[in-house]
Structures are given as C-alpha cells and as structure tokens.
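Chain lettering (A, B, C and D) follows the sequence in which the chains are written, and residue indices restart at 1 in each chain.
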Amino acid sequence: MIDKRVKDADEAVRDIADNSTLMIGGFGLCGIPENTISALLKKGVKGLTCISNNAGVDDFGIGLLLKTRQVKKMISSYVGENEEFERQLLHGELEVELIPQGTLAERCRAGGAGIPAFFTPAGVGTEVAEGKETRVFNGKTYLMEQWLRADFSIVKAWKGDHSGNLMYRGTARNFNPMMATAGSITIAEVEELVPVGELNPNEIHTPGIFVHRIFQGKNYEKRIEQRTLTKI
Amino acid sequence: MIDKRVKDADEAVRDIADNSTLMIGGFGLCGIPENTISALLKKGVKGLTCISNNAGVDDFGIGLLLKTRQVKKMISSYVGENEEFERQLLHGELEVELIPQGTLAERCRAGGAGIPAFFTPAGVGTEVAEGKETRVFNGKTYLMEQWLRADFSIVKAWKGDHSGNLMYRGTARNFNPMMATAGSITIAEVEELVPVGELNPNEIHTPGIFVHRIFQGKNYEKRIEQRTLTKI
Amino acid sequence: MLDKIGIAKRIAQEVKNGMYINLGIGIPTLVANYIPKNINVVLQSENGLLGIGPFPKENEVDADLINAGKQTVTMMPGSALFSSADSFGMIRSGKVDLTILGAMEVSENGDIANWKVPGKMVKGMGGAMDLVASAKNIIVAMQHCSKDGASKLLTKCTLPITGLKCVKKIVSDMAVLDILPQGGFKLLERAPGVSVEQIKNATQGKLIIEGEISEMNI
Amino acid sequence: MLDKIGIAKRIAQEVKNGMYINLGIGIPTLVANYIPKNINVVLQSENGLLGIGPFPKENEVDADLINAGKQTVTMMPGSALFSSADSFGMIRSGKVDLTILGAMEVSENGDIANWKVPGKMVKGMGGAMDLVASAKNIIVAMQHCSKDGASKLLTKCTLPITGLKCVKKIVSDMAVLDILPQGGFKLLERAPGVSVEQIKNATQGKLIIEGEISEMNI
C-alpha cells in the first residue's frame, strides 16, 4: 500500500504555481472540490487555466477564483450563472474556450488513457469545427479532437482510502473520474477518508494509481443551484 | 423501468444468424458467458466471427465452438492453450486477426462510445502497423485504430437486475463492460438476477441502457486455467 | 396557440414504451410530467444518471443528485449512475432513442441553432452539440415565431449552427411538423384555433401541405 | 551464471518504494517474491487488478480472481478492480512506474522482440505491445544467449519487433546492462563467476565497458 495522505488542502496545493493548468471536477456546484478551491483562494496563485465543465456562481465554486482574478482562462462547456464572469469576459480580462460537453469529457478521458486524439461527431458543421481536421467514417463526418491534460487535477469524491482509491456518490461523479486520470499530479478531497481495506475493490470508481494526494475535506456546504421540489 | 428479461440462453440467442459478428466477454476462462456459449453450440449457428481476448481451451469456452467448426474467424490478442485452434489455423480452416490487448479493449470501448477512430502508441514499428495511418503527437508516433462493433455482444456479469443493470466481480470484469456497450444487441447472463431497486445505483458497472436481454445463468463451472497455490 | 405546457403535452404523445429519452432544459423537461403512466420509459440526464425520478420532497433533497439543468431530482428503482464520459459515450453510440430539446431556429433540412446569439453573452453549448450530432431521433420544442413575429422555421438558419441535418420533428406553439429526409417542413397537425393559413404565414422555410390538416388532440 | 530465481532476485533490487509495477509472465512474476518487506509497491495486472497479493491458499481460491498469466491470485488491502479498457488506459498514460518482462531478443537501441517466431504457431502479443509502447521504464529479464549459444543482445533484432526503443535495462543470466539513450549496451555488473570476456563473447550488439565491472551482489 502506498500512502497518499496529506494533512489538508493547504498542503495539497503547496506546489501549485502561477500559470498552472488545472482540471477541476464538478458539474455546476455538484461534486466540486470546495476545500481545495478555498486553499487556492488563500494561496493566491494567479494566471490559472481552469478546465472545468462550468465556472461556478458569483460567490461559490470557481466563481470565487474569478472574483479574485486568479483565473486567466476557462475551458468549459457552459459558463452561465455568473455575473462577474460575464463582466470580465466582456472587458477582455478573461479568456474562454467553449467545448461541447461530451467532447470535453472525452478529451479529459483521452488525456488519462494515453489517447492523443480521437474522432467525434459533435460540432461538425459548427464553429467548433473551425480549423479542425474532419474525416468521414461509414458515411458520417467526424472531427478530430485532441486529449486534454493538466498540471494538477483536483477532484472531489465521497469516500477515499489512504492509497487514493475513490468512490463517488450520485451525480457528483460527473467529470471527476476522467479528470482524476489526466493530471500530472491529482489531488483528491473526500468526505470520508478510510484506511485501506475498507472499500470494496469492486466498487471503487477511481483506482488509487491516479491519485497522488488525498485528504478529508471539512465543512462541506454542498450548495444547491436549483432547489426544485415536487408539487404535491 | 424497461424489462429486459428473457427466459434462458436459448431464447437470448434465438435470432443469432449464421455469419454474425459476436463479441464474447472474458479473459482466459474468467468471466466468460458459459450458458450463452452452450446455447450457441446447441443452436449450431455457423460462420461466426468472434471478437474475444482469447479463444478458450480445447473443451471449454470458445474452444467448444471451434471444435464444432462454428467459428470462421477469431479476433483476439492471445490464442494459446488450444490445440484444436492450432490445428485449424495451420490447416487454413480458421482466420485469425491478432490485436494488441489494450488496442482490442479500446476499440471495443470506442465502438460503444461512438468514437470511430483513435490514436494509440501500441504496435508502432511492428507488423501491427502495416497499412495503418501513423501520426506524431508531441514528438511520439501513434497508430490510428478504428472502433469495433458487433451484431451481438455476449457478456457475463455477477449480478444484474431486470432492467439490465450489471455488476461484475473481481477480474471477471475484464472485457465485459466495453463489449456490453458495443453490440447492436447485447445479451447478458448473470449469476444472480434481482428485481430493479436492489442494486445500488452507485455500484453499477454497466447501465441497463446497453443491455437488451438478460437472464440468470445456471450450473456455472467457472473453470480455473492455472490453479496456483501459495507454498507455505 | 399552445402554451409551454401544451407543447410539452403534445410531445409526450410521441413517447413510446421502452424508450430511453434525454430531455433538454425548459419545455422538454416538462414533457416528463405528461407521459402516460402505462408507458415505461427511462430518462437520461447527461450529467450521469439513467432513471430520473420526480423532483424531491423537502426531506428528499440531495445536493449530490441533480439533473442537467442543475435542478434537484430523485432516482427511480433501477437507476444507474455513471461519469460524464460514459454518459456521452451512450449518447454518441446511439443508445438514447429520443432526444427532446429547444431551438431558436430550425432549417428545412433539419439544421438546428440553439446555443449562441451574436452580440449576446455566449454561455456555451453544454451538451447540445453532442446530443444533436448523435441522436437517432430529435424532436424540437420551440416557438414558431420570435416575439417580433419573424419565423424561426427557415430555409437556412441565420444563427450559429448547433448541428446539421438532425431534427426529425418540430412541435411548436402553432403546429406539428416533420422534417422530410429530402428537406422541407411537412405539416402534420395544427394547434387548436390555428389555421393552415396562419402556419403558412409563420413559416419562412419550405412548407409542405398535403390533404386535410387536422387539429391536434391534446 | 544466474538461474531464473537469480535473475528475479537481481531485478527485485531495482524496485523502489512507492512504485506501481506490471510484471510479465515467467521470470518477471517471480520478482514479486524477492521485493524486500520494507518496500511498499503495488502490482498491476493488465486484466484489471491493482494490488496483486500472494497466490491463494486452497480455501482462498477464487475463479473470479486471476492474474494476466491466468493464475489464481489474491488481493491486498487497498486493491482496486477495473475493466481492461481502464487498465490499458493507465498503462498508456504512464501511470505504471516500472514494467518487467521477458524477451527473445533486444537490440542495442532498445528495440524488443518477444511475441513471434517465424515458422512457429503465433499465439499473439497479448498486452506486450501496449506495455512496451507506453511504459516509462522497462526492465527485461532474459537469457543472454539461445540454447545454441547465439547472442540475444543484438545490433538489430532478427525476430518480429514488439516495440521500438523502449528497453532501459536488461538483467540476463550473465549481466546487468543499461541501454544508453544514444544506443549501446552499457555493462554494469557481472553475474557471479562470469567474466567480462565471456559477456563480450556473448553480446553481438555494441557493448560498452568502462572501468572495473563488479560482480552482482545478490
């Protein structure tokens, strides 16, 4: 067993330098690494390129790092729900690269699976295809897309063990498993950190080989963006 | 809930015609669909192209279908441990296409993920690369490989529910999850078939959307190829 | 003219037993409410859930369980959870039988535009481009005309495209129309109180009318 | 001259704390027995297991738990199971720190041939081509010469290639050698009782000898 534990989020982000490329897990505010985002805020690291499906909201998630101008570029599929983001974008203070969600997921997966490029139909005939190679297979046109990798991948899981094995819960899984595979260094924060042997090997979503640092997060807010109740 | 249950293996293979392409899960004799292979034997369907990592042994697994001359072509990564196979191959009675194991796994995964082609480093500079496009990414050479899909994918899982959700056990998972995604029709046999709601949604390996027919297998032999014990 | 609920109710009639369905944000999400109880379908959410259940009761709310519109949801018995890569894998490989989404414009050859308006803040395409590029069957829920009366069913889309030749059917506030493989909006049904003439006037692209056009039954 | 166990013992000295390791079939599998207890490593099996444990006792045998050589195995605390696609994903993306495998021939620029002998029944490459194409560090366990005395450390491989420029180190029955980035077998250690002269005679490819060559310590 290889012990991947670090004390806390501050220790986990100790060597994240200015201008790093980060992958940050989550869909909306669901399954985001709250503790590590706070540590990045505290550390004040700047010029970040963040690969994340969304950009948080004004006062939570990646939105916090936008407010402090720590982010140079966002690579995302959807960046609504964030006024500060909109302001910075319109003023040319922030770069944004928009990628179809499935392509984003697959590019992260490719990065972690050693596949430098693959073909997908998403975006054919749209501005996403501009400058990209297209090719016909079985009569259908596809775009060639390249892998994405990151200096640091930051993911949030439900349970993890000391050797970095992770299990996610519900739809908080989303982008976390692929991003976990695509970081030169992968940092995982978990709601519950357990000794090795306590997770069922059949139920592990991310094998520990992909995780370099793990710690138990605290004070999870797990904010809900659209609290929608059944009308009965 | 969509009910995918069929009565047994015979009903599951009812419309598998001569000259079909089948994916058959398993690594060696571990995690192979024993009941469905028996049903194919009984049905006597011929001219099969079998995509499977291995070809079984003389009297078990796909080896049984080789003995009855039901297989026209094997697409595999390793086909040792089978004398009848060797005899047919040397006499030109059987076609064989050998593919690096990781490429085979990824081509099945691509087939089920709608990715018609991808690049991999495996086989560059070898005879596997003959006739294939190569390309350099980040200074390293890769081969372009295309997806594999099948008329029928036949997989074996540990537990499954009526709607086709599957869980595998141990290393009997191997090729089964990718093959399950890549069949026009996917047949799953399971050791334990349970009503919907009994499997934890977090622990499902193959979502039921990929499975068209499911049944509870019986009389599993689960033969061991190399029974190796610790020497104490 | 149909309101949003009317459009959702009419689309619900297109749902067949045994379908796996992806519902977009907005009107498409409402469709789930009008699928008859005797029809078994499974709703897919591209953020990683098969088997979306009703919105939760107060005590069932779970921050780890949302749909693609970021609304809290529940799961049905038989639900399965998976990653975003696996989710779009099943979408790209055509395992989702029906995709229902909104549109700003549709062209007579089935092109769709629904992600970007030049001059406005671009929020992104989310999963729309993946869905329209791969779906076997796409039904679009949309307004027939913009607020200033301009048709949104066009010869050619004017807005940036989301996907080419992919829309199979449109349910608008005025009509149900198929998009024919050779091109053209084939009028199938009128909304209650809407005349064929009104639909003609509201459709800029090639409209095909054959025989009597009956009123929708919703 | 080393026997198989000697080669395995010498390779075990290359194993460092914290490594993830893939062991090929044959001698490489034996290496696991000689890794010092105070060194923590995790063994990867390409059929879908991280954390291979010892072979089972009679009552622990589980048909659902085998290694890539199809031998029954056990799991260690902290083990994880996954599919073959995920397994080769971690191999291709360089997450495995050390790969140890056998070879029929190695060339002075690090090419390896270990899957096919012309004229003999071809059983297949299994996972070898994937492993050698992606591994960060490959150590080969092999016999220095064939049974008829022909060198297997060559200027150029004569057998069909498994992978190009990938082998970093060789532990043979006669010697330990690095393969230099610019090409050439650099002699590091002699097996007990083997002279530099014998190694020279047994090595057809470019052999580099600098200074005193000490005997292995195993």
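To be clear about the criterion, a residue touches a chain if its C-beta (ideal position, glycine included) is under 8 Å from a C-beta of that chain, and two chains touch if they have at least 3 such contacts.
Just so we're clear, the structure is a prediction, and the values are computed from it rather than from any experiment.
**Student:** Between subunit A and subunit D, which partner chains are common?
**Tutor:** B
**Student:** Where the centre means the average of the CA atoms, what chain is farthest from subunit C?
**Tutor:** Farthest by centroid: D.
**Student:** Can you work out the whole-Å distance between the CA centroids of subunit B and subunit D?
**Tutor:** Once rounded, the distance between the two centres reads 29 Å.
**Student:** Taking each chain's centre as its mean C-alpha position, how far apart are subunit B and subunit C in Å?
**Tutor:** Each chain reduced to its C-alpha mean, subunit B and subunit C end up 36 Å apart.
**Student:** With chain centres taken as the means of their Cα atoms, state the distance from subunit A to subunit B in Å.
**Tutor:** Taking the average C-alpha coordinate of subunit A and of subunit B, the gap between them is 33 Å.
**Student:** Pull out every residue in subunit A that's touching 2 or more other chains.
**Tutor:** 106, 109, 113-115, 120-121, 168-170, 202
**Student:** Multi-chain contacts only, two chains or more: what residues does subunit D have there?
**Tutor:** Touching at least two other chains: 81-82, 85, 88-89, 91-92, 134.
**Student:** Between which chains is there touch?
**Tutor:** A-B, A-C, A-D, B-C, B-D
**Student:** Over in the complex, which subunit B residues touch subunit D? Could you list them?
**Tutor:** 27-31, 53, 76-80, 86, 89-90, 98, 100-106, 108-109, 120-128, 158, 168-178, 205, 222-232
**Student:** Spell out the residues on subunit C that touch subunit A in their complex, using ranges where they run on.
**Tutor:** Touching subunit A: residues 45-49, 54-58, 61-67, 69-73, 81-85, 87-89, 91-92, 111, 121-131, 133-134, 160-164 of subunit C.
**Student:** Along subunit D, where are the residues that touch subunit A in the complex?
**Tutor:** 18, 20, 40-42, 44, 50-51, 75-82, 85-86, 88-96, 134
**Student:** Along subunit A, where are the residues that touch subunit B in the complex?
**Tutor:** Residue list for subunit A touching subunit B: 106, 110, 113-121, 135, 137-138, 140, 142, 146, 167-170, 202-203.
**Student:** Would you mind writing out the residues of subunit B in touch with subunit C in their complex?
**Tutor:** 1-3, 109, 111-115, 161-163, 165, 181-182, 195-197, 201-202, 204, 207-210
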